[in-house]
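Here it is: the structure, laid out below.
The letters A, B, C and D name the chains in turn, as written, and every chain counts its residues from 1.
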Amino acid sequence: MTDTPHTWFWEHVTPYFVQQFSISGILYNGRSEYQSIQVLDTPGFGRCLVLDGKIQCSEYDEFIYHEALVHPAMVLHPCPETVFVAGGGEGAVLREFLAYDSVKRVVMVDIDRQVIEVSREFLPSLSQGAFDDSRVEVLHVDAKKYLEDTREKFDVVVIDLTEPLEEGPSYLLYTQEFYQTLKDRLTPDGVVAVQSGSTSMVILHGFVAVANTLKTAFPVVAPYLAEVPAFGGTWGFTLSSRRLDPRDLSSEEVDRRLAARLNKKLRFYDGIAHQGMFSVPKYLREDIARSNRIITVDSPLFTY
Amino acid sequence: MTDTPHTWFWEHVTPYFVQQFSISGILYNGRSEYQSIQVLDTPGFGRCLVLDGKIQCSEYDEFIYHEALVHPAMVLHPCPETVFVAGGGEGAVLREFLAYDSVKRVVMVDIDRQVIEVSREFLPSLSQGAFDDSRVEVLHVDAKKYLEDTREKFDVVVIDLTEPLEEGPSYLLYTQEFYQTLKDRLTPDGVVAVQSGSTSMVILHGFVAVANTLKTAFPVVAPYLAEVPAFGGTWGFTLSSRRLDPRDLSSEEVDRRLAARLNKKLRFYDGIAHQGMFSVPKYLREDIARSNRIITVDSPLFTY
Amino acid sequence: MTDTPHTWFWEHVTPYFVQQFSISGILYNGRSEYQSIQVLDTPGFGRCLVLDGKIQCSEYDEFIYHEALVHPAMVLHPCPETVFVAGGGEGAVLREFLAYDSVKRVVMVDIDRQVIEVSREFLPSLSQGAFDDSRVEVLHVDAKKYLEDTREKFDVVVIDLTEPLEEGPSYLLYTQEFYQTLKDRLTPDGVVAVQSGSTSMVILHGFVAVANTLKTAFPVVAPYLAEVPAFGGTWGFTLSSRRLDPRDLSSEEVDRRLAARLNKKLRFYDGIAHQGMFSVPKYLREDIARSNRIITVDSPLFTY
Amino acid sequence: MTDTPHTWFWEHVTPYFVQQFSISGILYNGRSEYQSIQVLDTPGFGRCLVLDGKIQCSEYDEFIYHEALVHPAMVLHPCPETVFVAGGGEGAVLREFLAYDSVKRVVMVDIDRQVIEVSREFLPSLSQGAFDDSRVEVLHVDAKKYLEDTREKFDVVVIDLTEPLEEGPSYLLYTQEFYQTLKDRLTPDGVVAVQSGSTSMVILHGFVAVANTLKTAFPVVAPYLAEVPAFGGTWGFTLSSRRLDPRDLSSEEVDRRLAARLNKKLRFYDGIAHQGMFSVPKYLREDIARSNRIITVDSPLFTY
């Protein structure tokens, strides 16, 4: 038994499915005003940020999640200068934004200041100094309220929120009402990328409902996928805009734009990966086509 | 606590990662000459076949795995008439083969007769009568020995074996030596599909090594992916042939061939899914390009 | 991994402590009007009855629990003729009662008929035919209501209920009000034995509160202990009466009474075991002396 | 889910039984030359010392284990002056020894210096300064070798070793050969206390075999029990001597000796607890009487 791991993190993915990660250290174990926060060290995935018992990212595979979330939108827009992220307190979306020379202003709204502080201390590779960049403004207010009140418009918006838990801080940002607000805050060629939850069959309904709800606000809605091992499978995202469609970009065009715009090398995303991400399996396309669930403030979505 | 599930199946995916599925019944719990065999009922995935503690398929998502394993090879071949499957005792590969009108002869070699018997009794939706089809011949011998001894050649070969465990029955069928034998048993346009294990970063090495080893035997080797939720993420496959490359098929051509050849409707696979499956993320393509691990009888691959 | 067990039963003993038992079969998995009911087969403990996710008894060590629950009371009473059990639907308390030649009438009140039916079918060794004995009357009504309404008095009463869960059927039978009712239903030398929960330090409060609450109704209250491995440790019981104290019985006197009265051999209980059970460790005696928690209908006890 | 614990320690008690403790911190996670060493913080039991994946003691209930291990022997001996402990690196046996005014010399032999250092840093309440007492000598050598080589004799010897794991440092100290050596190192009234493992039915064989093996070396062998919740149930100990029998001490005599000899208050042990500990249930006494297993160097005992 000597070398069998004895300490584990459990994530209840659904009432009927649990993932367990071996842990070698508990670097931080606290609770903010909004949620529980842990930073765990794991032999399999390096350091992991855990909010309300859900892994938000791991050092080993966060590059997949964050590249998948940020770059399709940034590549699709002709020249993103002003960008916005809701959530993403660990700083990795900022880091990806700042790799584009065209970006002049980044606004980040994450209600939970403690997530940012804990991430900067224990997970510095996530932000890589992004919080100190002069183009970045960070606000600890409600993202919904902020977007309703501001008159600013953005070229790219990334919605990088925790899952909509019943007691959690984010469920109102998964509604039709919020997506309407979002559209009003976009420049004419503006693009929105929304992290949309697991596409595993047992908890698919969130991904499908987010896509359908976005369709009530945006003419173009493109669901897409990337496997994030620490999340236990394939993760769903949705790209929305008034007229630009990522499925119209050829693999070669994606590679050309990346080469022209980006000042760093990516590990997950390129033209071929782009093509793979937007080629959604038949049963998922059919599920989305069949679904008529619209998420609203009065009929919110809650995940487990 | 009343409604929390209390009975669970644990799968040790790696020494550092465990998946737990809630179970509502243990329909079969036995041991053959070769492996332990269980059929479990689960609220999340329906009935599951478990060999040596690893889920082989679930009623709810086996269609993804089996369509991904069988159809790219069948679609790539100009006109598959004689087909072969090693393993696959639950009968679903047979079922998919038999949906092609062109198929005249199916040989299945699964060393473990008990897997077939248990599957026919407890998981009849997997084979759907395929074992009774007059085109099918089933043999309970060692697949390696069978292919070495036969003079028959096949248009499509599917290798649907359990993971190569140190004590398990299949590790010699993941070697360069076996892949050479395979090539010799193919017709000139013959295609081989090999299930190649998880592509999760923590256990990626099997997938990469299988692709590299196949390259020593075949001019064309195309790794591809499909998410199988019950397997805890994205699964790897590899298509190999002398000259036909699945990446040359357009999405439209795949749909055309399916419409012309197949006498049933698929749920997972079509032209778009084909394009997604073969568009492998950058880091996986780079891992395969970098790797020089060749699996041989003297240097076998064992997974956890 | 071949021989590692893969299917497990989890029991959440406290929010911070879980026990897991390997299971080889799920013989029954249902839900009555009152609670979930399972019969599990386990390599470690044989068949186990599980109500609302808590192990009620295992074939291998139920003799400890049931001998500890029944015999001290039966031995303390000068000549038990009429006996009563609340709960105990699996039939083992009946079995122990019927081993006394003096017993003429046994009343069992268990509100959940389905527990009895499932136990008779899947756990026949528990009741060993006791339900067919002509001295036994079984009623499926609320035990509290029954004892309030009857005029009958009993020599020995055994309270063998599930833990007082907030949603469960039994919490009102752990109150001062019920214990007063109990006292009124005893003959002058009557003795009551109450299963009183775990005495593990982490969940000790139930055991201590039951003892204190019984003291408000009975002049003599003797807490005692027995280790029941399937319950994960030492279990608490309480013997109460108007004047007879089990701590006054010498080890020899216990053995004499057992020899004179009992028509079967016991495995756990004898004079020495009696002495051990009632010799409670100092810290538990001090906890009981210090506590002033009285359980009432308005201030009920709930365990996890 | 917000407040459900997510990080857990697993202890494989047997292949078929696992205990899980919620953990809030990993204070130390290392490996000495002999074993893995962890100090975990737990909501249920405070800080816990874990060696090779087995909980050795918890802050909350270590008083039960250590009082049960040390005081019966110290009370039984007429006037213990020279005392010895094998193992016990966390320092709590020392602490209990030093509470006796009669004690003039304490020798501790624990092969693993790192256990002592880690315990002094992270679990100071265990030793409470005992390592700095001038009466204490600590040696990091093999206890078996030390006792074979020394000519010193001791009044009380305590064997406080980890379980005899196949790869572990202690299995040779659970043999008939070692117990013969022990006897030779005792003064005429000398008493040996041996921690003897779980008495849970599923892993009883160790406790029974230790008692039987001690009987081949000592005229008086008295097995006894105490519940240690963090160990998951009742724990076994064995007291051996040439002529003094703890079962001959009345409860009152134990209390008298404690009052006369001890300069601190105990929490678990007193006259009544003594009586309870040595009143072993019938089935355990019968198991010991029936067993003929003698542990020798050539036929060692290994636990899971």
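Criterion: a residue touches a chain if its C-beta (ideal position, glycine included) is under 8 Å from a C-beta of that chain, and two chains touch if they have at least 3 such contacts.
Worth saying up front: this structure is predicted, and the values here are computed from it rather than measured.
Student: Treat touching chains as neighbours and tell me the shortest step distance from chain B to chain D.
Tutor: 2
Student: Note whether the interface between chain C and chain D is symmetric in residue numbering, meaning over half of all numbers used appear on both sides, and answer same or different.
Tutor: Same; most numbers are used by both chain C and chain D.
Student: Please compute the C-alpha centroid of chain A, do the same for chain C, then give the distance between them in whole Å.
Tutor: Between these chains, centre-to-centre, one finds 53 Å.
Student: When the C-alpha atoms of chain C and chain D are each averaged to a single point, how far apart are the two points in Å?
Tutor: 32
Student: At least two partner chains per residue is the criterion; list those residues in chain A.
Tutor: Within chain A, residues 4, 8 contact more than one other chain.
Student: I'd like to see which chains touch which, written out pair by pair.
Tutor: Applying the touch criterion to every chain pair yields A-B, A-D, B-C, C-D.
Student: Could you please specify the touching residues of chain C with respect to chain D in the complex?
Tutor: For chain C paired with chain D, touching residues are 4-5, 8, 14-22, 42-45, 60-61, 63-64, 199-202, 225-227, 229, 232-234, 251, 266-270, 272-273, 275-283, 285.
Student: Of all residues in chain B, which touch chain C in the complex?
Tutor: Those in contact with chain C are residues 1-4, 6-12, 23-26, 29, 35-36, 38, 40, 50, 52-53, 165, 167-168, 304.
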